[in-house]
Amino acid sequence: MANAGCGKSFEFPVRVRFGDTDPYGVVYFASYFRYCHHGIEEFLRHAGLPPEEYFRNRQEGFGLPVVGASCDFLKPVKYGDELRLAVSVVKIKEKAVTFGFNFYYLNSEQLVARGEATIVAIDRTWKARALPERLKDAVAAYV
Amino acid sequence: MANAGCGKSFEFPVRVRFGDTDPYGVVYFASYFRYCHHGIEEFLRHAGLPPEEYFRNRQEGFGLPVVGASCDFLKPVKYGDELRLAVSVVKIKEKAVTFGFNFYYLNSEQLVARGEATIVAIDRTWKARALPERLKDAVAAYV
Amino acid sequence: MANAGCGKSFEFPVRVRFGDTDPYGVVYFASYFRYCHHGIEEFLRHAGLPPEEYFRNRQEGFGLPVVGASCDFLKPVKYGDELRLAVSVVKIKEKAVTFGFNFYYLNSEQLVARGEATIVAIDRTWKARALPERLKDAVAAYV
Amino acid sequence: MANAGCGKSFEFPVRVRFGDTDPYGVVYFASYFRYCHHGIEEFLRHAGLPPEEYFRNRQEGFGLPVVGASCDFLKPVKYGDELRLAVSVVKIKEKAVTFGFNFYYLNSEQLVARGEATIVAIDRTWKARALPERLKDAVAAYV
């Protein structure tokens, strides 16, 4: 856990895998979005919220689809590099949360990519609804 | 459609995409298994069986998971190459079908990879059951 | 080819594949970014510029990495759905091009996702440089 | 590290990720082959051989492509499950090594999948050559 500007962030290592790169050995930009989602998964798990019960919860009738995402790629990262990903909470609304993602080389403060992704709480009919209480509490601790 | 030895095969082009290769620009071996599954998808669609109603059919209560797969990689295929994939039916049993996959360079008879994958019909409890009739008929036409 | 607002766009079908979805059968948001890149690949190919000679050209010493991308996901698309992707050119600068991506259900005008991605021309040292002439001409025809 | 029959094996956890499953929430069979490759990567790293210097070594002029792979899928594994992967060495030849992969539920002896993959040492012209000495020594310790 680290301070990233005004708020807290949750950090974990990201290993660049075979199959994550483009044909030239540089991380394929689409792979960063997978890493971002892993970031939300690890964030939830760390907060005691099992991702497999939160991205879709049939019992309580809610889901948490990603409705928007963006990322800027600042440095070429290569196969064999290891990154650390700092996940923070950028914005909380009644029905949505926006996560922030900062990618650094491991053991470095050099930013290599940064992005955002917004998830919205939906009910069984895919209509937006209030965030589940425990999720709201978990993300509030990171603002 | 072409004759591949004793049986018929169904052919379609496979475009090597960004993200399908290893860091050195050569098709990542795991990508071939995705291509093989696309081969089954296209085979089913060609036979008038929509994949989304056959890999899992909630109404009729069956599924068709892959229970085994293998592939040999004979030539290095690069980003920018285009392949054609010939899908054939290797073996039909009461509850299972084994598909064969031959990958060639487009407009060439040079084999670059060949594999097999077996799907089994299961019921709602994941117990093996007889193949759905229409699937059985569709694959029988290719033996 | 179609008119999308003020400019032209290049369109092609996108088949949602096994492995493109989340565990609930809805297209995983990271897959859209792969589709976007396929969009650039098809756009280049359509313009007579082989992607494998343009994303990285060792002979002429240039590359075209993606430096930023964003996408909004408006409708849940399911396994079995087929989309059409309209690729347009949003902005051309001396050293960069921004492509636009509109995803529709096939045979429909209903927008399901829309995004952007910017590629920058770099030289052998990863320094930004002027866009290759033929690329500049190809994208200019779409503004 | 654990005994798997007659030889040693190297074990590490495999987290089933969003994007690793089929549309029904069960691990897509192609994902296991990615996990197998991660297994070789972790095996090499554990043996002090950085994968990024071994799968392709421009300086010493060798590569280690996968020339064949197979896997059987015994149990349906779901999003949210965690596995452990035991990597062993099945066979060593002058120019090739075959790795074995046993997948278990974490904290369980129940086998959910098992596979094999063979890598061959090649020179700059893609001709088979003797295994690099340090690799040969590393795998010999696991037979």
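We call the chains A, B, C and D, going by the order they appear; numbering starts again at 1 in every chain.
Rule of thumb we're sticking to: contacts are C-beta pairs under 8 Å (C-beta built on N, C-alpha and C of every residue); 3 or more make two chains touch, one makes a residue touch a chain.
This is a predicted model, so every value here is computed, not measured.
Comparing mean CA positions across the assembly, the chain most remote from chain C is D.
Rounded to a multiple of 5, the C-alpha superposition of chain A onto chain D involves a rotation of 180 degrees. Two copies of one chain, chain A and chain B, form a contact in which over half of the residue numbers belong to both partners. Chain A and chain D, compared by their mean Cα positions, are separated by 28 Å. Between chain C and chain D, the centres computed from C-alpha atoms are 34 Å apart. Averaged C-alpha coordinates give centres for chain A and chain C that are 23 Å from one another. Multi-chain contact residues of chain B (touching two or more other chains): 18-19, 22-24, 28, 30, 34, 37, 52, 55, 78-79. The touching residues of chain B, when paired with chain C in their complex, are 17-19, 34, 37-38, 41, 50-53, 55, 78-80. On chain B, the positions that touch chain A within their shared complex are 18-19, 21-25, 28, 30-31, 78-79. Across the complex, chain C meets chain A through its residues 22-24, 26, 28-30, 33-34, 37, 52, 55-56, 63, 65-74, 76, 117, 126.
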